[in-house]
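Two complexes are shown next, each including subunit A; its partner changes from subunit B in the first to subunit C in the second.
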Partner chain A sequence: MSRRFSPQSIALTLAAPLVAAVFGLGISSIALMITHNSPLETFRAMWDYGTQVGSLIEMVNLGAVYYIAALAVALTFKAGLFNIGVESQIRLGALFAAWIGAMFTLPPVLHVFVILVVASLVGAMWAFLPALLKVKRGVSEVISTIMLNSIGSALSAYLLADHFQQLVAGSNNVTTKPLPQSAWVPDLMSWLNRVGIKDVPGGGPYGLVFLAVALGFLYSFIVNRTRFGFDLRASGASPTAASVSGVNPKRMIILAMMLSGAFAGLAMMPVMLGESHAYTLGFRGGVGFTGIAIALLGRNNAVGIAFSSLLFGFLEVSARILELNGIATEIYIIMQGAILLSAVAAYEVVRRYRETLNARALARAGVTA
Partner chain B sequence: MKSRSMRWSAYGILGVLVFSLVRAITGSSDLTSVGTFNAALLLAIPIALAGLGGLFSERAGVVNIGLEGMMVMGTWAAGFWGYQRGPWMGIVMAVIFGTIAAAVHAVATISFGVDHVVSGVAINLIAPGIVRYLSVIVYQDSNIPGAGPTQSPSVQSIGSNGLPFLSGGHVLGWQSPDLLGSIGAKGWFFISDISRILRGLTGDVSYVTMLCLLLFPLSWYLLWRTKFGLRLRSAGEAPVAAESLGVNVYRVKYIGVLISGALAGLAGGFLAIVASSNYQEGQTGGRGFIGLAAMLFGNWRPGGLLMGSALFGFSDALQLRASDAVHSALLVIAIGFAVYAVAQWRQGRRVGGAVTLALGLGVFALFTYVKELPGPFVTMTPYVTTLVVLSLATQRLRMPAKDGVPYRKGGDS
Partner chain C sequence: MRLSKRVLTAAIAVTTVALAAPAAMAPANAKTTVKVGLAFDIGGRGDKSFNDSAYAGLVKAQKLLKVVTKTVSATAGGAATEREDKLRLLAQAGYNPIIAVGFLYADSVKKVATEFPKTRFAIIDDASIALPNVSSLVFAEEQGSYLAGVAAAKASKSGKIGYIGGVRIPLLQKFEAGFVAGVKATRKSATVDVKYVSEPPDFTGFADPAKAKVIAKGMTDAGADVIYSAAGGSGKGNFENATEASAAGKPVWTIGVDSDQYLTASAAEKKHMLTSMVKHVDVAVFDMISAFVKGKKVADNLGVGAGITGRRYNLKNNGVGLATSGGYLKKLKIAAAVNAAAAKIKTGVIKVPTVPAA
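Moving on, here comes the complex of A and B:
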């Protein structure tokens, strides 16, 4: 493919995200104008607030959590599956990791490692259930993971309230026993200080931002550079072709779902080991669902997902300033949704256009399709 | 045909017998009370409507996971217009809002060829954001009593009626006697139970519920007995062949998806106005997905779908009304498993029968040793029911052949 880097091809690759961004801004502008707010001023306020150091740090922290969740979803997309259950895999992984992690003290790095292993094992086990139901009983994983989300959130509420709870005198907050110091991962503020950035009230980037980066490399490696990843993609692209070439589709379903669950279990670890040091009742919900959107926007590509996570993080953090201006903060959800929908539509249009171009090129070269 | 309906009536009577037995043994009266079955009907309708929406869309070949989001739009519209213009206007606007959301899904999937699940997920993500945004704008600083960013003011209720003479319905303002209700109060084994169940299903039923129930035979007729229905189903089974015979596949798919959204919106409106008395955030609670599950269970047919929804509605009603009833329902489930195991055994499926029997014994053990289910387990009931039912039933299903496959005019798919 010598035409791969032609100007036309590059233009086409850039076209989709650009169109999506323009469309997303357009739709949110309409939403703003309906409510008599100036889109330009709103966007400027968001930009000004969002590019402050404190906001950028928050964007990275939020982005890291979203990134891990989105990688988990993307893994199953690659295999032609859809793990909507990431939400509850995250929750149960974090809950059990917090509970077990607080039972003992270990040397610092080892302790963190043990907690991470527990979190991903629990996530994988919770993802095993829908995989089993699909393989044994043919139940669509889309429906079963959604049901397991509801079951998982009820289960975690029950476990937290009746079994894992640590009562703190004079506090209404329901929380697990705090993790010992050996399980804490310090933030990276001192690194930022060294390059001349002063402390900000919210604290620095989580230390486990590196976990997210490492998982991104791991994801890329597994999917693109291993036999397993090849089989995974093959069974996603064409289950029949894959099984003819010796891939056991049932085994693939179970492995893909469990690996996805293992990733998902880790998603809240940057927050838990870096900031909250316990699982609390106010545990952030909806990360798994946002992860789905981010995986779709990033087209299941480790780099694409990274940019998308940061974009989603930026929109969410920068929208907080709007409350002061009397604008509903939820505008960021509309922005994210509009960007996502127009992006997937634009990708498809570009793909079709490319197909037409290729067909024409072939026709010119005298080949009949 | 006659023997089939007789067999089903026999199953029904047997089922009620089991319920009355368990009710008598455990003493949890909510298992067969008028209230439970009235609530079950109320809770089954939104699920069934969502499932019917899914049916129209999937029969036309478009998977619609966005039902949940379309329902969310419906609940909000019902709350907003319901409190301003009355409940009927609320229902109408709910239908319109659901249809608008469906239009997005239709444009994305049919015109742009976006993956159906992707588009549906996007709609489920955006819809809650939109309604929250709208609520903050119209309710936040409005000083309307009861209004806030997560709920609308209360909406007037729509009237209800029942069967005259049997269930105390009123005719032209005259209150007729309530025969079933008075038999139900007698405490005769089985006879009172069955009267209470029938009274719950036929008395104090909202007018909207009646209209919604009418939609099911109507949909069946439309899809299986008219030219339009044949075209719509052909778009889901063999779009290329349909196009070659002159069917405008794009248009038919659009209509299918739009009807789907209208029904999902109606389901949302029903939740807000009939099953509750205002819009509340998160009111749909995954019922759009349970509706899809009901549709799968019903093998993409209105009748089966209605049965699936009834099951989910009943488990939801038990869960809402009394936790001891859920506990007693375990005994019913155990008996159900045992009966199913015997049936499997007689068909020669020894292993399957043994597994089912083991499951039944497990449930029975749970019933015996756990005296009271903790709250969160009771809340899980409808979701666990959905999972169990799907895993028992999905073996012999047949979905429309080209369901979920993006269709492109002149393409070769």
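Moving on, here comes the complex of A and C:
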């Protein structure tokens, strides 16, 4: 285990994301040049805007949401499953949390806690369906979760339009009843004020950024420090070996999927309790899919996913300045895609290089022995 | 943050050396001309319908009023804060007035307009913001759609009529309600097949011509011979279906929406385009800019709540209506019925519903 922290090993660990980022930027540069824009100017504009205080706060806020979604995906990756349904687990979790949370008022902290539990439970229940289908009928969770995304989206549309909605005079939006103030989580601007950072127009980091951090620790703890996490990884690495050693594969599938759904349900809570205070037609879609990309980029590691989430957040925020310079914002999507693809390739190259090194070391050890 | 920053710095350093290219960015405009910012929602320009109509108004202002313009748009799947950030960036860069196209901008406009009280804002399709520097520009889509219903009922031989909405949201149900009321008032026995391309939160229904075409084909197969598509860019599918169905011996009329879609249709599609329900977003955008240039504001009391001002565009002020390009309304001798209905709506004899009958 001591090799894990050798300089060479650290260099190798950093090499892959570094190479990926350089490649990603290279590919985006080509895209920019094809559209007759200067990559240099574009990146500088993005860097200048992206490193302003307000943008960094926004990066953290976007990152927190992506982080939770990516953890949810990573949990199933660890178990050798693929939960593509995070998208609809997020949506239904948020919708029910908004609906139920607006029904009553409770003391502030308790109210928030109840809403989080609701979001989490609904997410877990929606993830239970594909798990059950897989265990009972052998339906691939990849297919069933994709389909449940469509069903979940239609279900949320129906529930919002026909049961949960409250119309606001003059508005064409459709929204659930706004959450009472006891369910609002204040932002952390006052904390930043204390360390000398002045107020910025967009507001501070969401209070529930801490929820994301806590879930990161929880994820790491469950996966690496518990019996359950060990079984989870074992079934992921080799289902046959795991079941021979006494792990019930069906139980693992159900638990892994439900836990993933429970994480997923919480993903939009920082936004909902910190900013929108309701579920509306403008509820953001696609977070679950971004989460898949981030989990891949972060290699299912809590710290890796954190960096990846912030990187995605940074690219997204910093690209918002580009339209004022006449460049399409969507360039950031090319960057994210290029970085992800390069990362997957780079990880593989580094993995093979590592194997070669190991083989050589073994051979040397054999010779000297 | 440390890693991503390091990665980025390193990568930027590498690429900047390798790919330094001449700057292609426009210098900031230092003159004191009026700078107009226009923010599109998802989809943006190129739908030949709603958004392009807003853009047409902007271009007209650019030409006639010599204003400088800048457009931004929300990316698909972007956060709500993206809309807010983009409005704020426009305001910070000195754009004034700033026009937000689409009701999803409401929260963002409210927030940013509070931050920049000296900047004039306008929002299309929303009348919920009670701020002195926000003009709400709304439309009586149901009135124009009612006339489209009258025209459809008159033009139809089979008595079977189709309505394709973009996304099932209250705004689009206003079109549906008016259209169905117009059809029924003109021809009691006629039926209207109502379909939406997508359900919220899926907003792709405004930009999915392939799916709209399948829906339109289903309608024509079932005998419909007039189809009204209130679906932004998806309307293209309706027009294509009409061309194909008519070639196969089932003549179908189409009715376009928002812009006068006859003007952007292909030659084949023009032959089947009865009319378009024009929603003059272009006029609203131009009015707004023109008032600003003259030092005035668009601030009629809209009667939906204290402090909510702007303008309601309806039949009376020619904010909505039917397009006459192609001349089919005259040729089919239905222009008279349409005009009669329009007169009755203007005088209030006909009250057009804004929500579909249950």
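As a convention for this text, the second predicted complex is superposed on the first by the 359 of 369 C-alpha atoms of A that agree within 3 Å, B and C clash if a C-alpha of one lies under 4 Å from a C-alpha of the other, contacts with A are read in each partner's own complex, and residues count from 1 in each chain.
Everything that follows uses one rule, which is that a residue touches a chain if its C-beta (ideal position, glycine included) is under 8 Å from a C-beta of that chain, and two chains touch if they have at least 3 such contacts.
Keep in mind it's a predicted model, so treat the numbers as computed, not measured.
Colleague: Identify the partner contact of A:17: answer first if only subunit B is touched, second if only subunit C is, both if each is, neither if none is.
Modeller: It touches subunit C, and subunit B stays clear.
Colleague: Which partner reaches more residues of subunit A, subunit B or subunit C?
Modeller: When the residues of subunit A touched by each partner are counted, C comes out ahead.
Colleague: Touching A:43, do we find subunit B (first), subunit C (second), both, or neither?
Modeller: second
Colleague: For A:330, using the defined touch cut-off, is the partner it touches subunit B, subunit C, both, or neither? Pick first, second, both or neither.
Modeller: In the superposition, A:330 contacts both subunit B and subunit C.
Colleague: First (subunit B), second (subunit C), both or neither: which does A:133 touch?
Modeller: In the superposed model, A:133 contacts subunit B only, not subunit C.
Colleague: Between subunit B and subunit C, whom does A:157 touch in the aligned arrangement: first, second, both, or neither?
Modeller: both
Colleague: Does the superposition put A:147 against subunit B (first), subunit C (second), both, or neither?
Modeller: After superposition on chain A, A:147 lies in contact with subunit B alone.
Colleague: With both complexes overlaid on chain A, does A:186 touch subunit B (first), subunit C (second), both or neither?
Modeller: neither
Colleague: Once the shared chain is lined up, is A:29 touching subunit B (first), subunit C (second), both, or neither of them?
Modeller: second
Colleague: Which parts of subunit A are touched by subunit B and by subunit C alike?
Modeller: 154, 157-158, 161, 290, 330, 333
Colleague: Which residues of subunit A touch subunit C in their complex?
Modeller: 14, 17-18, 21-22, 24-26, 29, 33, 36-41, 43-45, 47, 58, 61-62, 91, 153-154, 156-158, 160-161, 167-174, 201-202, 271, 275-276, 281-286, 290, 307, 310-311, 314, 316-317, 320-321, 323-326, 329-330, 333
Colleague: Could you list, by residue number, the parts of subunit B that touch subunit A in their complex?
Modeller: By the definition above, subunit B touches subunit A via 65, 104, 108, 112-115, 117-119, 121-122, 124-126, 128-130, 132-133, 136-137, 140, 285-286, 289-290, 292-293, 296, 374-377, 379-380, 383-384, 386-387, 390-392, 394-395, 397.
Colleague: Under the stated contact criterion, what part of subunit A meets subunit B in this complex?
Modeller: Counting only subunit A, the residues touching subunit B are 31, 35, 82, 84, 133, 136-140, 142-144, 146-151, 154-155, 157-158, 161-162, 289-290, 292-293, 296, 328, 330-334, 336-338, 340-341, 344-345, 348-349, 352.
Colleague: So in the complex, the part of subunit C that touches subunit A is made up of which residues?
Modeller: 1, 3-4, 7-8, 10-12, 14-16, 18-26, 70-73, 75-82, 84-86, 88-90, 93, 103-104, 106-107, 112, 115, 125-128, 136, 138, 168-171, 199-202, 302, 304-305, 308
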